[in-house]
Amino acid sequence: MSDFTPNEMMTIAAARALSNDDVCFVGIGAPSAACNVARLTHAPDITLIYESGTIGTAPTVLPLSIGDGELCETALTTVAVPEMFRYWLQGGRITIGFLGAAQLDPFGNINTTVIGDYAHPKTRLPGGGGAPEIASSSGEVFITMAQSKRGMVKDIDFYTSFGHGRGGIHRQELGITTKGPTLLITDLAVWRPNPETKEFEVNSIHPGATREEIARTCDWDVKYAASVDETPPPTAEELGTLRELKARTDAAHAGTASKRGSKDG
Amino acid sequence: MAKFQSLSEAVAENLKDGDSVAFEGFTHLIPHASAHEAVRQGRRDLTLIRMTPDVVYDQLIGMGMVKKLVFSYAGNPGVGLLRRLRDAVENQWPRPLKVEEHSHAAMANAYEAGAAGLPCAVFRGYKGAGLKDVNPNIRSVTCPFTGEELAAVPAIRPDVAFIHAQKADRKGNVLIEGIVGVQKEAVLAARRSVVTVEEIVESFEGVHPNACILPHWTITSVVHVPGGAHPSYAQGYYPRDNAAYLEWDKIASDRDAFQSWMRENVLEVGPEIFATRVAPLKEAAQ
Amino acid sequence: MAKFQSLSEAVAENLKDGDSVAFEGFTHLIPHASAHEAVRQGRRDLTLIRMTPDVVYDQLIGMGMVKKLVFSYAGNPGVGLLRRLRDAVENQWPRPLKVEEHSHAAMANAYEAGAAGLPCAVFRGYKGAGLKDVNPNIRSVTCPFTGEELAAVPAIRPDVAFIHAQKADRKGNVLIEGIVGVQKEAVLAARRSVVTVEEIVESFEGVHPNACILPHWTITSVVHVPGGAHPSYAQGYYPRDNAAYLEWDKIASDRDAFQSWMRENVLEVGPEIFATRVAPLKEAAQ
Amino acid sequence: MSDFTPNEMMTIAAARALSNDDVCFVGIGAPSAACNVARLTHAPDITLIYESGTIGTAPTVLPLSIGDGELCETALTTVAVPEMFRYWLQGGRITIGFLGAAQLDPFGNINTTVIGDYAHPKTRLPGGGGAPEIASSSGEVFITMAQSKRGMVKDIDFYTSFGHGRGGIHRQELGITTKGPTLLITDLAVWRPNPETKEFEVNSIHPGATREEIARTCDWDVKYAASVDETPPPTAEELGTLRELKARTDAAHAGTASKRGSKDG
């Protein structure tokens, strides 16, 4: 398949990183699409959890919010929100926490709180929601975002959620026992942290994307792994599944859902 | 003991200027009708509490009724940022807004602690997170067995909690189903509580033995307001009005547009309007 | 991921000598069949955990399998004291028994903390109570906001939890209804878990959206043992066998009578016996 | 009605102390009978809560244990046990906690743990169960027990649950804000704590009972209130309700329930 968008490639690359045994804490937007594509292709038994309390959801269309009725109707069970954060997230049962970011630094630290000073922000963003504890309590963290110089910055304005801090063993120094960000999937590349420094390195470049484009849309000095592959392009099955899911979603939310990119919590 | 009242009576008796108040709902069952009644009654200087302030909190903030917001995620779900909230925080319009910001885990635990009568909630959280440095209500305790430092936040104890639920029975017991959020905790944590419901039924005979039910003696006031969650939804009654959430983004982008919308759609109408708003949604869902 | 196994396989794979183990159940759904299998497999040096140790713990203690008991109320409900437990504590027969004693509130909070992955539970309790002076695992933390001293106990994290439930589906998800006790917490707090069920159904389609369900990936082993709670009960399946609880008082009053009862009714039978034991109760209840 | 037993009088006197607005945490045995007689006579809307998690139960027969199926089947709802102790008891929602005792002292301190030394007990009793926190978190505490010199003792062997300690303001000194034991109902008399000393005083003597009998069955020096009444005898309705309840109970548990006095938790 050669006829696909960078966003589709991003979603499909993220979907591939999930396995049948994963228990995913899902954010809205790209993470939700990726998790559901995984469920509809190679990982039919993956467990999807939304922070509204729905456990084991299998929506036929993508939700607009983390609390859509569809998520509850298709869930194995729905629990109260305090239980969700205590037994399921803090209890260490989540294998993958999926996060988006307004600002991301090369060590996987995320800002969704403010642009500018906290007390007098230039832009007041929505805040962390579940992210601070998703980042510390999930077994590992996957991040997806479209690349931009405003989004991928050397220094974030606020540490909404902690990735690898200043890198190296900074997580362990803070007493955090989980792995933190292990994967960053953008619309141009797949990145993984360097095993020592924990700084993100490009591991594979999506078909059609270039090193120049990656550099132009990232405000930090991009590092590359020793061997950099091309991301395998979407298969017909992957792309078909994603597009059918989006078509079903658009039909279900007909006329009411022209914009769905934002994360809410 | 729950009183059955009109919405204007329930709000007048239970919400005072200067109160801390939670209109809780986690995407589902957001008590819009109650909040609109508070707008009509012109309450001032409120401290609003909610995990996920969205459109309805944008409205209260934009009307200048709010001095402080305690929250963990402020956004228009599936759409974007809250423009009236941003205007208040960034430009102090129509008045400055203090914020006390937490994570979801902290807020959920703080409601739980409030319901449990504890002074604080203890959990594992905020590790490496920046909110610790800007919110003096994030502290810590040390586990006396392992020495682990755990996060602590004060319990949430609102003066009054408003929630919307599917059903009350004749005694005023309340049934909440589906995405139940933190509504039970909000009611149990609050000094007073008002519950609007879609329907009043004879009894809960036949309901699952472990359903989420608030006994009538935990509730101050029960009000029958069909559609009272609109544009949020009530599982089993009507779906979410996604178009209204999208529309809000435009309305809230302009101060004048916002004010005339509030006049036409809140100040000059009453709670009966909610049933008519959900009627086409109910029909479309059939 | 839950495996469907025979009871002997499930106990053999999951319960080792020296383990800490909770056979939980709060009057309802007590996992007698699993405990009897542990007797047959001759496990030793167990630390037994349970809020309400009753007849089945009296049996394990009387068989000399237990080195320590963590509990909050040890009695034969509606009947009286546990005679094998008394013999162990008062006369060290058949071996000495260490006890770690708590209140119900402490145990319930400690299971909750175990399920929540915390090292300890914090609650308001033990004020003026004597257990504080005899149990070094009752400590305190100070609320960093109010200065109130709150009780703290270590989280319960059993090596293995056994529970009995009404239903599993084909994937191994488990449904518990009625008096749910602390069974969900016990399973989530434990490293391994074995659930015996009355029935295996195709799916949970139609069950209430907020029912108490344990996902299959939180459970190690699911075993179909109809009647497996007897003489406790399974709501919707069979009532409590009150006569058996009364009878136990006589059996347990004498060491020899106890041993021969265990031989005849536990050692020389298998888990199939439970279905036959509840058959007359099911019939009488109709 | 003059034909009634001391136990019936005890149960009925306890039932009378309960009102329609009370939320009672009920123990088994005499407390359960008293609460249900109240519900079936003057307090039809009383809320009965059993620590097994059942809220608003209305059993047609008395349960044998705090976790009988009947309690759940007739309840408004049934919650998990951690929630019961956190939201409902610790949350301060219980107006009356009903306790029994193996040993009771004149200040309402209760022992149900051991007779003798804790480490080497003469008799190992069942332990406290819910009692330590029922005693401190309920608005007030009612105690029922049949009088005996072994049961009503000057000094209890173990402080399972704290009543008024050494009396006076001992509760407040420990930071306990609830009232503690406000009523003791025995088979011979109704006792209330002296407002200052907090030592139990006989307030009324049941019909047929005497000061001599009270003294003979109590190991401490019995104090009397300034004015001591005769407890009003059971009315025909009270006694009829209690006896019908017991008859229904015996029929329901036919042959299996010859002994029901013990408290379990």
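For this structure, a couple of remarks:
Each chain gets a letter, A, B, C and D, in the order it is written, and its residues are counted from 1.
Note that contacts are C-beta pairs under 8 Å (C-beta built on N, C-alpha and C of every residue); 3 or more make two chains touch, one makes a residue touch a chain.
Given the structure is predicted, the values throughout are model-derived calculations rather than measurements.
Both chain C and chain D are touched by B. Distance from the chain A centre to the chain D centre is 57 Å, each centre being the mean of its Cα atoms.
Distance from the chain A centre to the chain C centre is 40 Å, each centre being the mean of its Cα atoms. Taken residue by residue, chain D touches two or more other chains at 72-73, 78-79, 86, 90, 137, whereas all remaining positions touch fewer. Shown for chain C are the residues in touch with two or more other chains, namely 112, 116-118, 123-124, 148, 178, 180, 185, 209-212, 235. If the chains shown are joined wherever they touch, the resulting network has some other arrangement, not a path, ring, star or complete graph.
Taken pair by pair, the chains that touch are A-B, A-C, B-C, B-D, C-D.
Every residue of chain C that touches chain B in the complex is listed here, in rising order: 116-120, 122-124, 137, 139-146, 148, 150, 152, 154, 177-178, 180, 207-212, 235.
Contact residues on chain D toward chain B in their complex (touch as defined above): 21, 23, 47, 55-56, 72-73, 75-79, 86-87, 90-93, 137. Chain C meets chain A in the complex at residues 1, 112, 115-118, 173, 185, 188, 204, 209-213, 215, 217-218. Looking at the complex, you find that chain C touches chain D at residues 26-28, 51-52, 71-82, 85-86, 89-90, 101, 103-105, 108-109, 111-112, 123-131, 134, 148-149, 178-182, 184-185, 212, 233, 235, 239-243, 245-246. Of all the residues in chain D, the ones that touch chain C in their complex are 28, 51-54, 63-69, 71-73, 78-82, 84-86, 89-90, 113, 118-119, 121-133, 135-137, 158-162, 165, 170-171, 174-176, 253, 255-260, 262, 264-265.
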